[in-house]
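Below are two complexes that have chain A in common, paired first with chain B and then with chain C.
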Partner chain A sequence: MYVAVKGGETAILNAGTLLAQARRGDPAVSEVSVAQIAGQLRLGVARVMAEGSLYDEELAALALKQAAGDQVEAIFLLRAYRTTLPRFGYSQPLDTARMAVRRRISATFKELPGGQVLGPTYDYTQRLLDFSLLAGGEAPVVAEAAQPLPEHLPRGIDLLGEEGLIEPELPPPGDPAPADLSREPLSFPAGRATRLQNLARGDEGFLLALGYSTQRGYSHTHPFAGEIRMGEVALEVVPEELGFAIQIGEITVTECQMVNQFAGSSTTPPQFTRGYGLAFGEAERKTMAMALVDRALRCAELGEEPAAPAQQAEFVLSHSDNVEAGGFVQHLKLPHYVDFQSELELVRRMRAAIASAQPAQEQTA
Partner chain B sequence: MSATGYNFAYLDPQTKRMIRRALLKAVAIPGYQVPFGSREMPLPYGWGTGGIQVTASVLGRDDVLKVIDQGSDDTVNAVNIRRFFARTADVATTDRTAEATVIQTRHRIPEAPLAEGQIMVYQVPEPEPMRRLEPREAVTRTLHALADYGFMHVKLYEDIARYGHIATTYDYPVMVNGRYLMSPSPIPKFDNPKLHRSPALQLFGAGREKRVYAVPPYTRVESLDFEDHPFSVQRWDEPCALCGADDSFLDEVVLDDAGGRMFVCSDSEYCASRQHAGHTGPAHRAQRGSLAAARAGEVGIEQGKPVPASNDTASARLGRGPASS
Partner chain C sequence: MTQLCDPAQRRHWLGVLAQASPVELEQHLARRALPALHWLRRPETGLMMVRGRAGGTGAQFNLGEVSVTRCAVQDDAGRLGVGYVRGRVGRHAELVALFDLLLQDDIQRADLLPALIEPLAARQRAARATAGAQAAATRVEFFTLARGD
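On to the complex of A and B.
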């Protein structure tokens, strides 16, 4: 007797065991440790932390290990874990002007106070496979700078602000508390703080493509990389019982400030406008793309006609999350026999109707 | 906290309270989509996270849970979700519709009638019935506020103009309590009449889209139609091959690559309990190995017999008088 196609509990358990075996790989090769992943695959870990919205290198590395290196799966694992954590409160705003900078560059000024700091970057490497890494090598010795960087490095594009050439970056009237997208659903129209939150945990590939599209004529915003900086910033909270800020640690972030042209309007003289990007860890590509998209999404506020995909907030913000997108695209793997059966019945009936040149009639219920 | 290290039914009490508040609002405004702070769940978005969050929020220790997907208790996703709750909430599970107090479903409503006190939880991929006609949420919310559903009526009308009938077979839009247009989730339109004045509380959860909505017990749920094109449901020319039911939704099962196929109940529990009660279908009567031959013709029911529907069939006349079916 026929038994309907069923995936029993045993099959699911067996699939899980196969997955664990595939993840481990050849047992003759030593297992990669979470510390190795956190220490040596730091950029992969940073992306998982940023899009997983949880700053924890060890857990992000664990997620990457469990996901066999699949970033989107690792991001999903971290997000699902994050949901279960209690919320203690919110930190004070980060002051990136007081960042312990490891990298800081500007494409708009040849020289700026504090200087250009290249830091650990792939930018000027020649992309030749380094076969010496096949063997494993010694840790390089890094020469120390003659003098330390100043503790306070002003942001490069703030220099433009002194002349009124760039729009001021001020809190909105009344300085309302921003929405928390991890607790409240996204609603439209979405304010800039909400949009930036969405983009900060948005999929890097999606933002990259959208940002790229703005450079190819789909909403051109004439961007310049005003400043990109990466380093450690202090995280401060104000415990209720103390009433003043205390530092609870520091995190690595990358910040990108784009400078964009703006022709001006009847009320505003021509000036430069801004696009902003920020993400956990070393995430330059992500923050640059984010800044381009942020500026494109400000079209309404700046009186630009929203025509390109990157300017349409609902389109961008509703599709940026790779945990949502990955789940829904892949849900097509789930059985759909019932819906498909309904469609099959309809198509057969419509074909039969055409064959008999009679309008299709359904029995009414 | 349970022995698993997680909260009862996974979600923390504050999150459950937030979802219950949203559900109360949803029950108070039947068919209205209530935004809620949907959480990432340990199962992927699109795989029932909305339904899971709703179930987690309403589940108590004494509840008996049934989970179905495509009408069956044994499809992989149903097994997985049932396992999730058995593990995190340690509740009793069942495949008997009548025994369950909470039934989470994807794409079907059980064939056995529901009763007062039962809660149906639907997994919803796209809560907005007009989404494919108007992608912008800001616009669709306004249309709901104004009860301006002309879009949907025009779409259905265009179907009729093009094909001679409405070409929507599942996720067929319904009007709830005469006010809100609602997606019944991708159930076949065959199941739509079961939504109407159901004695059970019906809750809908869309996790990825962060919406919940509800149909309280005994609420009017009318499938959109026109006076001259009344709402109708799918029918089959043969009964279930296994249990002989001629009133259930049938899945087509391909038996070989020579066109052999048979039709069996999509509701596996309904089919099994009928067989247990001694009902048989054509596949039983045919000898083993010749199922394909058992297919057409030998069926002991009148060909083309309409699927019996409830006397109280919901056929909206778009406000133009009572149903005439």
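On to the complex of A and C.
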């Protein structure tokens, strides 16, 4: 148990200054600006926004700068900041079908209507260090096709839906408002909306490991990447003054539709099942992992035995948050002097008891 | 009194203004005479929870929050200008609200739509088309190679 301590003000102040010096690095090297971080380290910024659960590039970039590039620390900073702002309400649900697509691929449909669009991807790059970046240089000249992509690309996965080959994904009657983990604590059993919110802000590394575990046999879901799309979607809200929806800007999101092992029963013919991933920014690895875990967590609903870690909602959802996890693991650094003192006393007493018993045992032997 | 003009048209200009750069709006506002007005709500920054849908089309879920700045302004005729923008730039929300107010006046609107809103909308469409053309240049055809024949 952590016990409050007093004192150390000067040392703490000095440590803060030392931290600022370490963050700044060599003063002979120019300081990195928040705009540079937002513009040139956008994938790092995207992760901070997704797991910080706040879409604001400038704040996420600032958090990364303050945290000297430590993503989990930056996520913590962003989460803490959001508690200082009032909540105005909820957006209209994003319509990802109307996304201005910059990347859209499918591993299941070769002849995808609208085509496979690679976009700005590291796929197919050779992963050789590019030493020309050491020198800096000219902005690249980007090719443009004569025809832009259609304004809205149809969802690849709808091809299966037309034939009834995949489970339909429809709003429940009345299209109810979902539970909100930022307002009410996690409880079990957790509905899919709660699970998706938890996964959307869950630690990418944790979800990646869990998703990987499902591929290695810890739950069999036979996934295919039905469609991955990335681009800009309209952000619409209904202001209280107006009573109708207006667009207040747009945000970049990545969406992954995983097509999984089919299930059927005596009443329903076999059809593919779904796993879904959605995250702020360019976050392909994250959304793929999220979709794998989402599907694994649907085991009860689909009549599968929850045997593997990725299928156990209480295990997954309780450990996915890196702010909570980081806090609890790292609180071990804080003074536990009183707690430890009592343990120390106990161990000494036990040892003394054994030591005083031993000569007696020897005598009786 | 906020419903005096066509909601679809108002929805359009509010969307265009929210996507415009504050600098551009500021320059345009400098050329306009503003009526007497008072602020019902000074710009305030807060959060809105962004919602998605499971599978893109299913049940709603909460994805994460977004920073939003809003304000409201009224003129002596009782018109209400509303500014809602993503982000934390208070002046952007103010500019949106001021133009929303002006655009509700028939005479101002007749001028502002062709002079401001439509050129902004055209530029926003062009920027989107450029991004779309760059993406289209990365469109691939994958061939499956058959073996043994």
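Note that in this section the second predicted complex is superposed on the first by the 342 of 365 C-alpha atoms of A that agree within 3 Å, B and C clash if a C-alpha of one lies under 4 Å from a C-alpha of the other, contacts with A are read in each partner's own complex, and residues count from 1 in each chain.
The definition used in the following text is that contacts are C-beta pairs under 8 Å (C-beta built on N, C-alpha and C of every residue); 3 or more make two chains touch, one makes a residue touch a chain.
In this text the structure is predicted, and so the values were computed from the model without any measurement.
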item: First (chain B), second (chain C), both or neither touched by A:Gly16; value: neither
item: First (chain B), second (chain C), both or neither touched by A:Leu118; value: second
item: Which of chain B and chain C A:Gly39 touches, first, second, both or neither; value: neither
item: First (chain B), second (chain C), both or neither touched by A:Leu278; value: second
item: Which of chain B and chain C A:Pro154 touches, first, second, both or neither; value: neither
item: Partner chain(s) touched by A:Tyr55 [first = chain B, second = chain C, both, neither]; value: second
item: Contacts of A:Pro86 with chain B and chain C, given as first, second, both or neither; value: both
item: Contact breadth on chain A, by residue count: chain C or chain B; value: C
item: Partner chain in contact with A:Ala193 - chain B first, chain C second, else both or neither; value: second
item: On chain A, the residue positions that both chain B and chain C contact, one per complex; value: 82, 86
item: Contact set on chain A toward chain B in their complex; value: 1-2, 4, 6-9, 11-12, 76, 79-80, 82-84, 86, 183-189, 314-315, 318, 323-324, 326-331, 334-339, 341-346, 350, 353, 359-365
item: Contacting residues of chain B [partner chain A, same complex]; value: 6-7, 10, 12, 15, 35-42, 44-47, 49, 69-72, 74-77, 79-80, 83, 106-108, 125, 135-138, 163-165, 167, 169-171, 186-190, 193, 208, 210-211, 230-236, 241-242, 249-253, 255, 262, 264, 266, 268, 283-284, 288, 291, 304, 306-307, 309, 313, 315, 325
item: Complex interface listing, chain A residues touching chain C; value: 49-50, 53-56, 58-59, 82, 85-94, 96-97, 100-103, 110, 115-119, 142-149, 151, 155, 169-172, 175-182, 192-194, 196-197, 200-201, 231, 234-235, 237, 239, 241-242, 244-251, 253, 255, 257, 274, 276, 278-280
item: Chain C residues within the chain A interface of the complex; value: 2, 7, 10-11, 14-15, 18-19, 44-68, 70, 72, 80, 82, 84-88, 128-142, 144
